[in-house]
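The following pair of complexes shares a single chain, subunit A, combined with subunit B in the former and subunit C in the latter.
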Partner chain A sequence: MPFVYFIFIPMLAAILIPFLYKKVRSIHTGWFVLVVPVVLFGLYTTFVPKLQNGDTYTSSFDWIPSLDISFISYIDGLSLLFSLLITGIGALVVLYSIFYLDKTREQLHNFYVYLLLFMTAMLGVVQSDHLISLYFFWELTSISSFLLIGYWYKRDRSRFGALKSMMITVFGGLMMLGGFILLSIMGDTYSIRELIAQAPELANHKWFIWSLILVLLGAFTKSAQFPFYIWLPDAMEAPTPVSAYLHSATMVKAGLYLVARFTPLYASSEWWIWLVTGTGLLTLFWGSFFALKQTDLKGILAFSTVSQLGLIMSLLGAGAISFHTGVEDNSIFKYAAFAAIFHLVNHATFKGSLFMIAGIVDHETGTRDIRKLGGLMSIMPVTFTIALIGSFSMAGLPPFNGFLSKEMFLSGMLSIQNFDLFAFATWGILFPIIGWIASVFTFVYSLYFVFRTFTGKYKPDLLPKKAHEAPIGMLIPPAILGTLVIAIFFVPNLIGDYLVKPAVMAMQPFLYTSPSEIDIHISAWHGFFEPELLMTLGIIGLGLLLYWTLPKWQPLYTKFPDWLSLNRLYDSLMYFSEVGTNRLSRIYMTGYMRSYLVYMFTGIVILTISTVFIKDAFDVSFAMLAPIRFYELIIVLVLLAGTITILLANSRLTAIIALGAVGYSIALFFVIFNAPDLALTQLVIETVSVALFLLVFYHLPKLNRHENRLKFRLGNALVAFGVGATVTIVALSAHSQKLVPSISSYYEETVYSKAGGGNIVNVILVDYRGFDTLFEIAVLAIASIGIIGMIKLRLTKKKEVNRIEDK
Partner chain B sequence: MEIVMSFVVGFLVMAAVYLMLSKSLLRIIIGTGLLSHGAHLLFLTMGGLGGTAPPVVSPGVTDYADPLPQALILTAIVISFGVTAFFLVLAYRSYQELDTDNMNLMRGTEDHD
Partner chain C sequence: MMIFFWIVLFLISLSMLGFIYRLIMGPSIPDRVVALDSLGVALICMIGMISILSESSFFLEIILLIAILAFIGTVAFSKFLEKGEIIQRDNNLS
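So, the complex of A and B:
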């Protein structure tokens, strides 16, 4: 089977889940689901040795061939690494969820369907080589994540968090689509590989910078970078397995994946380097600083995820610098990409385990509030051990894998000031300083997370449940991840050689042609008096000091004004877009028909008049005019007098008679201008109309002006004058500029010879253009049926009776 | 004559628009009546007011009035009559049901305010 179909295995399995859930109630549905990621993980593992010499694999099937859209699964080091993370951590999360979610109380079929859908979407994102299918899967991750966050849909906070994450990530997704479309137009291809191949030409294109910014917006919103990180803390309302899977290990890394994937395309641009590095570093600092403000265990982890994602992002930016320095220059930049990917793996391991720990604590004590927790060390020793491993790794302590990647991060940031392009030499000194301060905060919140929960005084009276150790099944997944954390520290080069180097090669094809050329060897020990060692010692020293004095300065966070937070900004944006547009439509949607008529008439006048004058179309020609005869002028005067009478009339009878007079004078015009049929019809119809008016007006009230003020009438008069003038101008111009002669000579010539009639108008009506007449008859029929219906059908009869009784 | 008629049509349309902008339902309907008169006259004028004889074949005549606009106007007259009749009954019924002919009071129900 071509491996492009592997992507869709979870989606197909999702179809079976509801049936299994309904039919096999005795077994937890999660056990069936578990098979899918485990099998996929096994399948993807077989690719690992194949990629060692730099080969890549593609497999595709057409989706819309006529538009050149297809699903392409492209497996290189980068997508394989992500696929392994997705399926591997997916398997652990499913195992964990089996023990976390109760099979009798929870709607498991929903949960696993969403989760499997998400797995397909994520696999699709990381393996797609086609821009459109990448976007397709990208939005599928947004949607399935929306469903998962809102899993407990009866809770307000869940729905709020789901909506918020949806709004922000879909915003970014749409921006990204824009960037993709620009890219596909610029390069005339949808394939990312082909685009990368023509990167040098694309860099000179005028849209290059726009596509760069739009793609980055997509990556930043998905990866919760500043200022778009705000959805992530609110997404913590999701069940903990979801938080562990989506919001630490996989989905939030889709943005990182995107940045890594497009690095070869955009690395030549200083915008890319500045934006990615700068935003990453800012996010790193911001997230680590505000993590200490949180009192919710998952809140701390959410901010720590934000901060760690920022760290990886800044390393990816530094990795793009190597495009300018080249491989001969033995600077650290070529290691930065390696460090980024390495830390990405490390973060997935320790953050996944920490989320599971938070879930266990929540599950066994009933609360995640760090103020109520404490002293759980002796009650939950296994959980404590795993939490300690995860936290120390997050803090960057040996002997855990976080230490290795943090050392590489510090080296990367230290050397950024040596880069003398794009003003980095001047501003570069800021990078290690910010990175170092953020690392101190990271250290402090890691201690805060683990020691506030597990040491100190046990407060059983504050806990909703009696705390006890978690079931073994719940402990296995975090334990596996914890083991990995330690294992990677001791044999870092194993994972480095097999997974990270092929991924680095995909990210920096301009440096290497084969993974074996990457001469990076991870070492835990840099040697005495290296700046990294001093910085690490500084982090530990200052971090411990800050942690001990935490009770003294943590209250300062509450002093931080609430209105400055970005959440407030988001809330007010949402509020104002809703209330603002509501107000706006209330301003012009008055409900008065007159307002709408005024809009329409004014629009007609402005559009027509401006068109006439812009196109210089106004013209009065005195050629081809019929002569003015005396009696014609008299009829004109009668007509004008009748119209004015209608305007001034106070009694309805006067108005109707005057309207009749206007109608009859028009009939006279028809007589004068040689239109006997028209004159006949007009006379008859005018008579019937006047009769109808009289008949109906007998039942209607007096011709009331409803006490219109003068201002109101003047406004109306102005609009009316405008429309009248427009019609006159158009009529004059149209008559003066006839471009083609009338086609009526044909009718005149053939009316007798071909149609066998003498009255040309009548022959036109029933012969040449008989269809008009047919449907005009239909109009009359419908009007009369409508009138009968209106008079006969009284659906509100009952109400009417009540009304009469009221009177 | 076409120039004079253009102004006449403009005046008719102006009066029609003025009436249609008022608050009274009756004046609005009268306004639509005037508007259709204006449109018919405009048709006729734009077709050209020349021609010495009505468009009925008769020996010796070469210069007929243009028959095509006349046919179009005839259709338009009948349709506008149908619509006017419908409007009139609609106005009558709405006055019966709503007890008002003031357009400003016809603003949907309280639920949708």
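So, the complex of A and C:
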């Protein structure tokens, strides 16, 4: 089976889940689901040795071949690394969720369908080589994440969090689609590999920067970078397995994947380097700083995820510098790319385990509020051990894997100041300083997370449940991750050689021909008096000091004005877009027919007049006009008198009579312009309509019967004058320039010889163009049936009220 | 001879203007209705003149039609002014 079909295995499994859930109630549905990620993980593991020579594999099937759209699965180091993360952590999360979610109380079929859908979407994102299918899977991750966050849909906070994440990530996704479309136009291909191959030509294209910014917007919103991180803390309303899976290990890394994937394409631009590095560093600092404000365990973890994602993002930006020649020793920037990927793996391991720990604490004590927790160390020893491993790794302490990547991060940031292109030499000094301060805060909140929960005094009266150790099944997944955290520290080069180097190779394809050429050896020991060691010692020292004095300065966080926060900005943005558009539409949607008529007529006048003048179509020539006869003049005067009477009439009856006079004088026009059939019809119709007007006049309700003179309104007069002038101008211009002769001579010649009639008007009506007559008969029929319906069909008032209420 | 018809046409037009004056200025509704009726008669004359001048017989039906319509219209207005409605409802049916 071609491996492109692997992507769709979870989706196919998702179809079966509801049936299994209904039929097999005795077994937890999760056990069936567990098979899928485990099998996929095994399948993807077989690719690991194959990629060691720098080979890549593609497999595809056509979706819309005529539009050149297909699903292409492209496996290189980067996509394999992500696929392994998705399936591996997916398997652990499913195992964890079997013990976390109760099979009698929860709607498991919903949960696992969404989760499997998400797995397909995520595998699709990381393996797609086609821009459009990449976007397709990208939106599928947004939608399935929306469903998962709103899993407990009866809670307000869940729905709010789901909506917020949906709004922000879909905004970014649409921006990204724009960037992709620009890219496909620039490169005339949808394939990412082919685009990367023509990167140097694309860099000079005028849309290059636009597509860069749009693609980055997509990556930043998905990966919760500043200022789009605000959806992530609110997404913590999801069940904990979802938080562990989506919001630490996989979905939030889709943006990082995107940045890594497009690095070879965009890295030549200074915009890319500055934006990616700068935003990453800002996010790193911001997230770590505000993590200490949180009192909810998952809130701390959410901010720490934001901050770690920023760290990886800034390393990806620094890694992009290695594309620039003319840098004396750019090996250090290759090192940054390596560090980014390495930390990405490390973060997935320790953050996944920490989220599971938070879930266990919540599950076994009933609360996640850090102020109510404490002293759980002796009650939950296993949980505490795993939490300690995860937190110390997050803080960057030996002997855990976070230490290795933190050292690499510091060396990467230190070397940025040596890079003297794009003004990095002047501003570069800021990078290690901000990175270092953020690391101090990271250290503090890691300690805060683990020691506030597990040490101190046990407060049983504050806890909703009596605390006890979690079941063994729940502890297995975080224990596996915790073991990995330690294992990676001791044998980092195993994972470095087999996973990280092929991924770096995919990010920097111009620099190497095979992953074995990357001569980076991870070492825990840099030697005495290296700046990294001193900085780490500084972090530990200052971090411990800050942690001990935490009760003194933590209240300062509440001093930050709430209205300055980005959440408030989002809320007011949503509020104003709703209320503002409401107000805007109330201004012009007055509900009065007269307003809409004014809009329409003004529009007609402006559009027509401007078209006539822009196209220079205004042309009046009197050459084609017939001479005016004096009785025509008199009828015109009669017509005018009648019209003016209608306008100035004191009573409605006068207006109706004057209207009749106008109609009759028009009939007279038909007479003098030789149209006897028209004149006949006009006379009858005019009489009937005057009679109808009188009928309606009598039935007008008494209250509305204002017999006052029509009020003079300047605006209406202007509009009316404009419409009249427009029609006159158009009629004059149209009459002055006739392009083709009339076809009426054909009718004159054939009215008797072909149609066998003498009255040319009637022959046209029923013979040459009988179709029009048919449907005008239909119009009359509809009108009369409608009148009968309106008169006869009287619904009682009660029913009408009901109908209005139903609407 | 044609000059004669032209003069007649001119005079009819003048009389129409007079009727129009009454139609607009008429102090009461019946004045206006009568003016409208007379306008119809003037119209008949005018169309007759035009038929002669344009030497066609196609407009003679129109003359008949206007005569009928003017009558019906005047009767309808009169009934409206007198009874307040044109078509009275049959009390036996309702």
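In this section, the second predicted complex is superposed on the first by the 777 of 807 C-alpha atoms of A that agree within 3 Å, B and C clash if a C-alpha of one lies under 4 Å from a C-alpha of the other, contacts with A are read in each partner's own complex, and residues count from 1 in each chain.
In this text, a contact is a pair of C-beta atoms (placed from the backbone, for glycine too) under 8 Å apart; a residue touches a chain by one contact, two chains touch by 3 or more.
Computed from a predicted structure; not experimentally measured.
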Subunit B versus subunit C as contact partner of A:471, first or second or both or neither: neither
Subunit B versus subunit C as contact partner of A:716, first or second or both or neither: first
First (subunit B), second (subunit C), both or neither touched by A:663: first
Which of subunit B and subunit C A:674 touches, first, second, both or neither: both
Partner, of subunit C and subunit B, that touches more residues belonging to subunit A: B
Subunit B versus subunit C as contact partner of A:687, first or second or both or neither: second
First (subunit B), second (subunit C), both or neither touched by A:603: neither
First (subunit B), second (subunit C), both or neither touched by A:724: first
Doubly contacted residues of subunit A, that is, touched by subunit B and again by subunit C: 674, 676
Subunit C contact footprint on subunit A (complex, rising order): 630-631, 634, 637-638, 641-642, 645, 653-654, 657-658, 660-661, 664, 667-668, 671-672, 674, 676, 679-680, 683-684, 687, 690-691, 694-695, 698
Of subunit B, residues touching subunit A in the complex: 1-15, 17-27, 30, 33-34, 37-38, 40-42, 44-58, 64-68, 70-75, 77-79, 81-86, 88-93, 95-97, 101-104, 106-108, 113
Residue numbers on subunit A that touch subunit B, as the complex places them: 591-594, 597-598, 601, 620, 622, 624-629, 632-633, 636, 639-640, 643-644, 646-647, 652, 655-656, 659, 662-663, 666, 669-670, 673-678, 681-682, 685, 688-689, 692-693, 696-697, 699-701, 703-706, 708, 716-717, 719-721, 723-725, 727-728, 731-732, 734-735, 742-744, 747-748, 751-752, 757-761, 764-765, 769, 772-773, 776, 779-780, 782-784, 786-787, 790-791, 796, 800
Of all residues in subunit C, those that touch subunit A in their complex: 9-10, 13, 16-17, 20, 23-24, 29, 32-33, 36, 39-40, 43, 46-47, 50, 54, 56, 58-59, 61-62, 65-66, 69, 72-73, 76-77, 80, 84-87
